[in-house]
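Chain IDs A, B, C and D follow the sequence of writing; residue 1 opens each chain.
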Amino acid sequence: MKNTFGTSVSVTLFGESHGSMIGAVLDGIAPGISVDESFIAKQMSLRKSVGSISTARHEADEVKIVSGVFNGKTTGTPITFIIENQDTRSRDYGELAYKARPGHADYTASVKYHGFQDFRGGGHFSGRITAGLVAAGAVAIQALASRNIIIGTHILSCAGVYDRCFEDIPTDIAKLNSLDFAVLNDSVKAEMIEKIEDAKRDGDSVGGRLETAVYGLPAGVGEPWFDTLESVLSHILFSIPAVKGVEFGDGFMLADRRGSQSNDSFRSADGRIFTETNHNGGILGGISNGMPIIIRTAVKPTPSIYQEQQTINLNTLDNTSLVIKGRHDPAIIHRARVVADSVIALTLCDQLSLRFGTDWLAQN
Amino acid sequence: MKNTFGTSVSVTLFGESHGSMIGAVLDGIAPGISVDESFIAKQMSLRKSVGSISTARHEADEVKIVSGVFNGKTTGTPITFIIENQDTRSRDYGELAYKARPGHADYTASVKYHGFQDFRGGGHFSGRITAGLVAAGAVAIQALASRNIIIGTHILSCAGVYDRCFEDIPTDIAKLNSLDFAVLNDSVKAEMIEKIEDAKRDGDSVGGRLETAVYGLPAGVGEPWFDTLESVLSHILFSIPAVKGVEFGDGFMLADRRGSQSNDSFRSADGRIFTETNHNGGILGGISNGMPIIIRTAVKPTPSIYQEQQTINLNTLDNTSLVIKGRHDPAIIHRARVVADSVIALTLCDQLSLRFGTDWLAQN
Amino acid sequence: MKNTFGTSVSVTLFGESHGSMIGAVLDGIAPGISVDESFIAKQMSLRKSVGSISTARHEADEVKIVSGVFNGKTTGTPITFIIENQDTRSRDYGELAYKARPGHADYTASVKYHGFQDFRGGGHFSGRITAGLVAAGAVAIQALASRNIIIGTHILSCAGVYDRCFEDIPTDIAKLNSLDFAVLNDSVKAEMIEKIEDAKRDGDSVGGRLETAVYGLPAGVGEPWFDTLESVLSHILFSIPAVKGVEFGDGFMLADRRGSQSNDSFRSADGRIFTETNHNGGILGGISNGMPIIIRTAVKPTPSIYQEQQTINLNTLDNTSLVIKGRHDPAIIHRARVVADSVIALTLCDQLSLRFGTDWLAQN
Amino acid sequence: MKNTFGTSVSVTLFGESHGSMIGAVLDGIAPGISVDESFIAKQMSLRKSVGSISTARHEADEVKIVSGVFNGKTTGTPITFIIENQDTRSRDYGELAYKARPGHADYTASVKYHGFQDFRGGGHFSGRITAGLVAAGAVAIQALASRNIIIGTHILSCAGVYDRCFEDIPTDIAKLNSLDFAVLNDSVKAEMIEKIEDAKRDGDSVGGRLETAVYGLPAGVGEPWFDTLESVLSHILFSIPAVKGVEFGDGFMLADRRGSQSNDSFRSADGRIFTETNHNGGILGGISNGMPIIIRTAVKPTPSIYQEQQTINLNTLDNTSLVIKGRHDPAIIHRARVVADSVIALTLCDQLSLRFGTDWLAQN
């Protein structure tokens, strides 16, 4: 299976950056879940390019649901989301038909698809394809919310500027989901945007880290081997373009600690089991322990920069150089946050459906 | 699918720490590959506990192949590896039948399996189960070698002591595969072992980082969405117990860089395409680009420590405390390195078989 | 995975009978295969209702390809087919919102989806959804043809009238693929149509048998267990609505024979291996033997009949009766034949791609 | 996935006819189900060869459970069944190393595995491998029984002698499960055995039909497309060696009927919904309707016969002839019946687990 992910709840992605439309098929979601199209539109708007720190390409990103929703509720059969491409300026991409952009998939696509791939705007590799994930993810987020499972992602760092970490998680998640530019510490927003604009002025780009919290996931979800919760979440996170690292709980920092600093003591109070710390990010032995799931994701700088770069001609395989034109993002970290929320929600719907049956998400 | 991973080449794991035997079924590997049992034994020995820095439990770890190999070669049908458990001292685990060890899967297993799990020595969650992965991985490593694809992992850091990074990768891999304690800079070995012994003396444990290089993987392997090479590799790496972070190429460091510092220029020379740097770790758009694959894996400190810890009684759900007895590793990073090699090899065999057909690995 | 089938080549179905559009996503097909839209249109026309023996609902069934084809060739990324529903007369279905049609999925859908399913015209269960399979199958048939693998299906029986069996298979397949009403013996066509019209006059319907031959499939495709060629082909054939039986080679007749009458002797001539008879339908031990694959499929009579039937009210669960109105087929066997060809082609593309790699179908 | 079947509950098969052991791994079965080893032994005995109508090869078929059962109950982690091969007389198979037995997989295995397969006694293709399915199936049957879902299979026909069809299904199932030679009409047993002995005397073999009823399966299980209940059941039934046809309800007979004779009227009484007839075999639109599931399976005559047969030499590809020696069954239909029960039980456990969650089977 290539462009389909998930078992009980699955999502299939299709489309190219400059084709007539892109979209997604969300299958297996429980019947009877209310689908709020204004929420979908809101999520889509978070992914959209905005202002000086994003690409000048502007898409309406209007989502049409053409199957699987009847009388405002999910039917249980495949939900298909279609998004028309409108603002495609393919003439900008002429030279890119044969010059591989460094950091992009042009060369690897050319090897894999023997030159038959739609190269325009990155084709099927374009970050634009994540729009289908966000539309499908919006339904998944609504499904989880009906079980009081909530998700929020903030920009933990951008261009070296750091946000504060999660503190009171339900409050922080609520705050994040009300923001366009998702930072917990309001004061870092201006600084991050300044750094992005600096990079833009230099014809360059910046990367960042996302940090996600999931609150309300019941204990007992995940598998000991292969389909550990970390495995399935990292699987889908690493398919977001530009993601190069994923860690859970204290992640890489645990490598420098001792066991006595890494173990989370169990406590019980009022019939509730919890751990005093959450170094393990809510996952032990691959299975949720009822504490918040904490995930950090590294996003590399947008590879499209305006400086001259060394590369090869894909037809002749000769060395050449390239100056990318067109409309590109000096940063995608602020747009990627809703993609992270979406894919995590899709994966958790799948895991919960496998664990508790296909009706569970709609039974509340 | 729970304890089975892979599509064209798959591995199924079974067994518990204190059951009669553990093992693995490796399916889909091409027919006609020579199976060198002494190589399997060598790989098993790398996973075994040794000396002062490992558990006092010593298993012969003799691998019996009971199917799928005929006249010394793979048949193409399932290869089953069986490893008998011998040195099981279940009496050590009495109290652990009802007290959840912090950092371990006892509590999550208890929720998921409603108390029916075999708790002895961690049962099916035990790191001991990785022995089956190492046996199966040894055949996968041999299969890849016949196509000149080689893999090596070193202890990049342990308890805060750092090894050097990869330099000349084929030479470094060859060196690593001749070592029991895998470091590139010989001088750090003593320092790491000292730190592990320090922790042991304190009834504590330490973690570390593994760095893996894969050399010789052809370009064009992996998928743009969902089954990106990063996705499938992280999926299996996160099912190794204690792994809490995975990154590719420069990974999390890319989050603080600019695009001009992260893109890898393409060059061609003598009909060979390569990149001048390898910040992306050999993967672009989810697909191999022919450069070495670079993976770093964070391993948390062994959760079994000898200090008193706060926890709950799984039967009464009351608060209590626990002092773990038994035989445990103050560090597993040196033993985990062969597990990383093994699971990466298994996953690459699957990807190559999907890409080029089920015979490809045996056609050289 | 629910509405997605296949591993290396997969198809995802979506849509409802009276929604805005239906369609399919075909993924994993090799890059570089020419997509002949007029061939797709021809295949769609074979599935369309025609004349007195089909439903009065007439759909243009114009297929729009919105992704995965670039410059007339497959790109290797998902191909999405969209077919708009036009001639939907939902007012005919009022009573069917709460009365279960015997022989249909109304009751089972109502239990599974708790009443949230789109009931109009059978919703997602409608035979209309097979249009997406036919569109995707047309590309699969073209892919196979490039490797000289051809498929043909005839109406072996309809309402008790029997066609002759396959004789010279390549010639017979060529003939069938030129016919709208697929019978090998021209003289039975009129007789079959007469029987269908008889049933229609009686407010009733008829069933039939399809027989399919695949010619040119290389030996060595399929698996010994679970994914036998019979298993994967029957899996997809049984998802065509109304199919209730599938057999291979001499099928059920073998049950009454002796081994000496069922075994196919092997012979070699001019370096070619073949069997003298083909009682096993080209499959031995689950794996193709190079002889034509022979499949017979039982199609039950269309459950929509105009006679009064006993049933229940899905809301009150009371007994009631029902007279179906609307536009229905007195037979679907003549329309089902192209669906059989399509799903078999899709499955064989998947099997060949798994066996020989993702490029094989385009390498000729 | 090749030798693994199922999603939430899966089974992995391994071993060869003349290897040291064969077996199966059953994964995903709910924790807490009692495992009655004497029931497993009883099921194994039904599969064993007995008396004059079976092969002279006699295996103890003692099943060792080496993982996944703790204190007599399932743990929820993989259950591994191991069966040692004892009565292997490999010297009988000398000539079969290079002569393809007609009707067997020797030739197709040789093409697929390039001659590396273990040819002794059919290797991995041997009917003997079904012993692992029967062991795993015994646990699945016990799991279903705890939810009052019961399964029974009878020999509907053997060598042209027909048993009566199911009448009172729960009573018939109880009867069948008490019999070694499973016929509903006691008087046909002797006649069937006589026909088998006749064939044996002639150095020949016979086939037959199995008919299975499943009673107690709740409505609402199965999917509309691809994973219809017919699809998943036929998938696994067609991987039993020698099965060449599968039908549900009235199956192929429906092809000759009218809709008015094929539809099953719905009725309700005492709050229970049922159909007055069961022509559709308990499945509508791919989903169970609460009525008994009825399945018929065609089993071809054992291909091992003692008459001289024409074949090829697999090494030289020359024409030659072959007289099979060794120990073979003149019929397998009476032994296949428990295999049918087993694979159906395994598949239903998977479907129920997907539908209602992984704990459902153990919650009663």
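The criterion applied here is as follows: a residue touches a chain if its C-beta (ideal position, glycine included) is under 8 Å from a C-beta of that chain, and two chains touch if they have at least 3 such contacts.
Since we're looking at a predicted model, the values are computed, not measured.
Engineer: If you take the mean of the Cα atoms for each chain, which one ends up farthest from chain B?
Structural biologist: Result for max centroid distance from chain B is chain C.
Engineer: Which is it for copies chain C and chain D: same residues on both faces, with over half shared, or different residues?
Structural biologist: Mostly the same residues.
Engineer: At what distance in angstrom does the C-alpha mean of chain D lie from that of chain C?
Structural biologist: Between these chains, centre-to-centre, one finds 27 Å.
Engineer: CA centre of chain A versus CA centre of chain D: separation in Å?
Structural biologist: 45
Engineer: Taking each residue of chain A in turn, which ones touch at least two of the other chains?
Structural biologist: Answer for chain A, listing residues that touch two or more other chains: 1-4, 7, 13, 77, 112, 124, 224.
Engineer: Under the touch definition given earlier, write down the residues of chain D that touch chain C in their complex.
Structural biologist: Per the stated touch rule, the residues are 1-5, 7, 13, 100, 102-105, 107-109, 111-112, 124-125, 129, 157, 159-160, 199, 202, 204-209, 219-228, 230-232, 234-236, 238-239, 241, 243-252, 254-268, 271, 273, 275-276, 279-281, 283-290, 298-305, 307, 309-312, 317-319.
Engineer: Show me the residue ranges of chain D that touch chain A in the complex, using the header's touch definition.
Structural biologist: My answer: residues 7-8, 77, 224, 354-360.
Engineer: Okay, in this complex, where on chain D does chain B touch?
Structural biologist: 1-4, 6-7, 10, 12-16, 19-23, 25, 27-28, 31-32, 64, 66-68, 70, 73-80, 82, 112-114, 116-118, 123-124, 359, 362
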